[in-house]
Amino acid sequence: MSEADRPDAPLEVAVFNAGGNWPRPFRDMDGEFLEGMWRVNALAGFFFAKAALDVMLPRQRGVILFTGASGSLRGKAMFGGFAQAKAALRALAQSASREFGPQGIHVAHVVIDGGIDGDRLNAFLPGMKDEKGPDGMLDPDGIAENYWTLFQQPRSAWTHELDVRPWVETW
Amino acid sequence: MSEADRPDAPLEVAVFNAGGNWPRPFRDMDGEFLEGMWRVNALAGFFFAKAALDVMLPRQRGVILFTGASGSLRGKAMFGGFAQAKAALRALAQSASREFGPQGIHVAHVVIDGGIDGDRLNAFLPGMKDEKGPDGMLDPDGIAENYWTLFQQPRSAWTHELDVRPWVETW
Amino acid sequence: MSEADRPDAPLEVAVFNAGGNWPRPFRDMDGEFLEGMWRVNALAGFFFAKAALDVMLPRQRGVILFTGASGSLRGKAMFGGFAQAKAALRALAQSASREFGPQGIHVAHVVIDGGIDGDRLNAFLPGMKDEKGPDGMLDPDGIAENYWTLFQQPRSAWTHELDVRPWVETW
Amino acid sequence: MSEADRPDAPLEVAVFNAGGNWPRPFRDMDGEFLEGMWRVNALAGFFFAKAALDVMLPRQRGVILFTGASGSLRGKAMFGGFAQAKAALRALAQSASREFGPQGIHVAHVVIDGGIDGDRLNAFLPGMKDEKGPDGMLDPDGIAENYWTLFQQPRSAWTHELDVRPWVETW
């Protein structure tokens, strides 16, 4: 895709939100599991950013938003597969932010810490919502509001990283 | 101040923004300098939060926003006095967030990284604005927009910490 | 104290290990409590380092070791008083390391994470040792060994920060 | 390899030190480059640890040491390829440490920050040694001494992470 192809609709924002968190004991992981995690969370994020940059850099404007998790910041027991992939994505996001910020591209990384109150998690862990109590899971609209805010930030005051968690979440 | 005194205007948000960053070689600092830094940046933040909590906790709602800096995260050479005070404030903010979040109080910490395009800095370093170039300093309105966003976050998706810097800032 | 006073025994290493960790709810803390914590843990560390630097800098050699804790890195609920003081000390240690490293002074910060198997804690929490199991508390000799290692590091390979915790400690 | 094969020489320590740091602009990287970096630095470290654990866990003792870099902690511009791989390795090391520490296996991560005074770097950047000055590069023996120290730590006082840099290195 190029600007020439779509002069009517320049790309203003690109949100990367692939990935899934599957715990597994360290010795039960294999290369396929780790590589799959890394491909979905980190490598796909790289290709995604590169494609967005191709379109955004000529106009020297655009916003690229990556979705992270608490595993982006540290590797807990049983979560090494997810954490290594999310940590890799975070390093890529930081690197892209530092290289392309001064070229007008806003790159940010959102650390989602908590269960998301959406179809996937509610189907997989149906008891979680009651256990967490009112507003104890992340409302997708509440998350989206933060992406919207990042998108609207003027270039004089850009955020690279913010965390988001429900009020009752232990951290 | 108490809710009884002002039933018409309950306290919804409290923003702490005291402090100043004065570099000084380590051995040129003395107890008075360090204590002054700590009192203005950290201890005042504690008293501020405590007073706000007195009013907010009975209603189980309210937002307390602390202003940090890159020095909140690490101590650079010549900036030990400021960094120790800002690091102390950050630890207090984290501790308050963890204790009072589940009681309905949103505590957040904003890491300001860059020069603020306001009267104080422009008077003190008049050449900075030209040197940094267009939008190279933090616009106070842009900063304020982030505080406003934090204030509006629903309790299902609270941010504790975010950074804010101009697009051209090296980090 | 000066080198002139003790030409026979130049100061090679200075270890700062003051402080105590007293949890307290945020709103039960007062200025006196916070200031006491800060004075013992942070300000005393500054004076200590300054006095050591006076003696070490003329010879362009010497090692200053600060004792930290997990609270140095983040503020948990109920531990804001301790965390703000330890975070302040850590910022000072980083700042001193960056300023004086190139002048030949090795400044390091040891993050102690776990209960110390010494008289104080065993008297205060007599059941902890059994609860933690064999080697579940930090052996003072084991801690000391790390300080000794830091002291012996050649200037081509200095450590600024390391953590130390018992094998069974959750982190 | 198994204990049965070598009853005379049980595996006590395993040191992982693969990898190389090749800067590259973000958009000049491709999937092959990123995957190669990840395979050498992160995936190989996983297989290495798994093989060592197979031998160490039955005896409930052993030490696994991973080599990191400043890129393990953050992604600088031009260094995203290396940083994503090293960040992934660090997350794996943390995860393994938390899972296997209580089973008697000591897992640690050494953050090497600076140029290593060895054949590779001296051939590649022959002017670096003079530029950095005396002891301005990391002496391999000095690095090794730290691995030796980690290996000897008693289980009551284990280090998970330490940094190592020359005295004149800016950080």
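Note that the chains take the letters A, B, C and D in the order they are written out, and that residue 1 is the start of every chain.
Throughout what follows, a contact is a pair of C-beta atoms (placed from the backbone, for glycine too) under 8 Å apart; a residue touches a chain by one contact, two chains touch by 3 or more.
On a predicted model such as this, the values are computed, not experimentally measured, just so you know.
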Among the other chains, which touch chain B and chain C together? none
Inter-centroid spacing, chain B versus chain A (mean Cα positions, whole Å): 26
Whole-angstrom distance, CA centroid of chain A to CA centroid of chain C, is 37
Chain A and chain D have mean C-alpha positions lying a whole-number Å distance apart equal to 27
Residue list for chain C, restricted to those that touch at least two other chains: 98
So that we know how the chains sit together, what is the shape of their touch graph: line, ring, star, complete or other? ring
For the complex, give me every residue of chain B touching chain A. 98, 101-102, 104, 106, 117, 135-139, 142-143, 145-146, 149, 152-171
Help me check something: in the complex, which residues belonging to chain D touch chain A? 25-27, 29, 31, 34-35, 38, 42-43, 46-47, 49-50, 53-54, 71, 74-80, 83-96, 98-100
